[in-house]
Amino acid sequence: MKLRIIITGGTFDKHYDEIRGTLGFKDTHLPEILTAVRCTLPVELEINQLIDSLEMRSSNRERILASCRAAAEEHIVITHGTDTMVETARVLGEAGLKKTIVLTGAMVPYAVNGSDAMFNLGCSIAAVQVLDHGVYIAMNGRVFDWDNVVKIREKGIFEERQSTHNGD
Amino acid sequence: MKLRIIITGGTFDKHYDEIRGTLGFKDTHLPEILTAVRCTLPVELEINQLIDSLEMRSSNRERILASCRAAAEEHIVITHGTDTMVETARVLGEAGLKKTIVLTGAMVPYAVNGSDAMFNLGCSIAAVQVLDHGVYIAMNGRVFDWDNVVKIREKGIFEERQSTHNGD
Amino acid sequence: MKLRIIITGGTFDKHYDEIRGTLGFKDTHLPEILTAVRCTLPVELEINQLIDSLEMRSSNRERILASCRAAAEEHIVITHGTDTMVETARVLGEAGLKKTIVLTGAMVPYAVNGSDAMFNLGCSIAAVQVLDHGVYIAMNGRVFDWDNVVKIREKGIFEERQSTHNGD
Amino acid sequence: MKLRIIITGGTFDKHYDEIRGTLGFKDTHLPEILTAVRCTLPVELEINQLIDSLEMRSSNRERILASCRAAAEEHIVITHGTDTMVETARVLGEAGLKKTIVLTGAMVPYAVNGSDAMFNLGCSIAAVQVLDHGVYIAMNGRVFDWDNVVKIREKGIFEERQSTHNGD
């Protein structure tokens, strides 16, 4: 089994620019992480884009979908900002590809103390190997179906849709 | 779904004792980790033992098996030293419990730079939720069946049994 | 000898707010750091303000000067943003207090990988105990007199004034 | 001013060997640290030896003394294990070289969470630039004279000699 990881940026890969004093993008930390965790799974890395997910437009999501469609691999992990991860998952889910696609991200950048990036990446890499075709989000130690998940922004966590719309 | 994590020590939880200048056990880092990664899955933590897996005897493995058997939860993650993880997995696998059990560990302690602990824990927590009943090892970004895995000690990685015994 | 550390914020103490996705101030990391490094010097911590040094106005600097003047301690370290550290040092230097005052800061926040915060704090704490009365800046492993230092913003380092104005 | 750092190993530079599961020596972290903290002081690094200070014999200390004597630099920092740092300082102190020599080390390795290595290195680098000729130990945020310091092993800290021999 070979895995493709499509990198889109998000908090996961944010980098502290010490000259400007700001958080932004410089490069991805994925190669460094995969080496550190001694991942032996064959992985193809693709830097699709490096942006904050709040800046994702329809065209950005189409670029991700196009990569998923074109990928030779059947198993795909996508690193993505958390703010609009659900929207991108919907675009991919509605496309109905015959692939297993898991989106993940981080609430705290990999480069910052107390980051959830490595844990979330681990969740997504295990999930993508075991799950049936479909589109999923792996966050908070859980795996959600693309059409049954929301981000509760003020809490910074993902939940199942119904659990937040009681009485619907 | 509720998850039980059975803690047995291993490199994962090793702690640097600055007075003695040695690595040993003091307490588990699991509560700290689960908070940092903002895991929202209900998790029951059980400190079964805190030892180096090279010191595991038959009685130690029986204690782990007894905990798995007694657990109310159907999904169980076990943190374990890597050196004899395969042996413990065999004891659990041969018991044939109607549960999903995933063993994981770390090559570098959580408390040391470049640790694989958080990544491996993420892999195991996602895998245990998705896999059928059985006993598995989640290491190196992969998920192995208990009866088809070996640790290649000199490389510090896990592999499928057949891939290392070509020609059997 | 008792030391006072006057905390004013700056990059040193910036904290990642995972809900907003921004770097800002929440609290100081100084108590945590002093415990970790097992500092046995008696230290009085004072949170004077927690701001970015680019937002420092004359009134902010007066508040720092007032604290230095009022302090019972003869030895004072000030954590400060690097962008206007030189300006604050000048205000303190011109006041001519009979105290030893060392300003320090960080180019990368304490909470971010690869931070220079602990090293710089170490420099400042050693320097303040050994130097004569006066106002100094400890950055880049060096100790500068307040009236002979500039920050080279595009390089992110401090240098002696004359070395950057050749030919004056 | 040019600084020489004489590296002798000690807890400061201990490295976790993930294959053997032990702490030992592989290489020094000094170049990495000096880059991270953006030290602009000219520094000459010398790996004198890489050993645990409990294994230091008279010949090991003679090798350090020989390096100090031979050094072109007047300012020397020595990284050293804490257990016998005081003994090495005495050998150097009794030699009465016309140089400023500061020994430092760490209670927790640089590569382990919560390390005091960067802080202590910062202390020593500032102290060595400011102090008169002599031999000193920089630990716990303090600077001690070589002939007036002891390590209190059970507390893991350094103190002045007289403060521990009240009533002598």
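Lettered A, B, C and D in written order, each chain numbered from 1.
Quick note on the criterion: a contact is a pair of C-beta atoms (placed from the backbone, for glycine too) under 8 Å apart; a residue touches a chain by one contact, two chains touch by 3 or more.
Remember, it's a predicted structure, so these values are computed and weren't measured experimentally.
Participant: Out of curiosity, which chains are bumping into both subunit B and subunit D?
Facilitator: none
Participant: Relative to subunit C, which chain has the most distant C-alpha mean position?
Facilitator: B
Participant: Which integer distance in Å separates the CA centroid of subunit A from that of subunit B?
Facilitator: 25
Participant: For subunit A versus subunit D, what separation do you get between their C-alpha means, in angstrom?
Facilitator: Each chain's C-alpha centroid was found; their separation is 45 Å.
Participant: With chain centres taken as the means of their Cα atoms, state the distance from subunit A to subunit C in Å.
Facilitator: 39
Participant: Touching at least two other chains at once: which residues of subunit C meet that condition?
Facilitator: Subunit C, residues with two or more chain partners: 107, 114, 156.
Participant: Could you tell me which shape the graph of touching chains takes: line, ring, star, complete or other?
Facilitator: Topology of touching chains reads as a ring, each chain with two neighbours.
Participant: Which chain pairs here would you call touching?
Facilitator: The list of touching pairs comes to A-B, A-C, B-D, C-D.
Participant: Which part of subunit D faces subunit B closely enough to touch in the complex?
Facilitator: By the definition above, subunit D touches subunit B via 11, 16, 18-19, 21-23, 52, 83, 107-109, 111-114, 153-156.
Participant: Any idea which subunit A residues touch subunit B in the complex?
Facilitator: Touch list, subunit A to subunit B: 33-34, 36-41, 43, 107, 114-116, 118-127, 129-131, 138, 140-143, 156-159.
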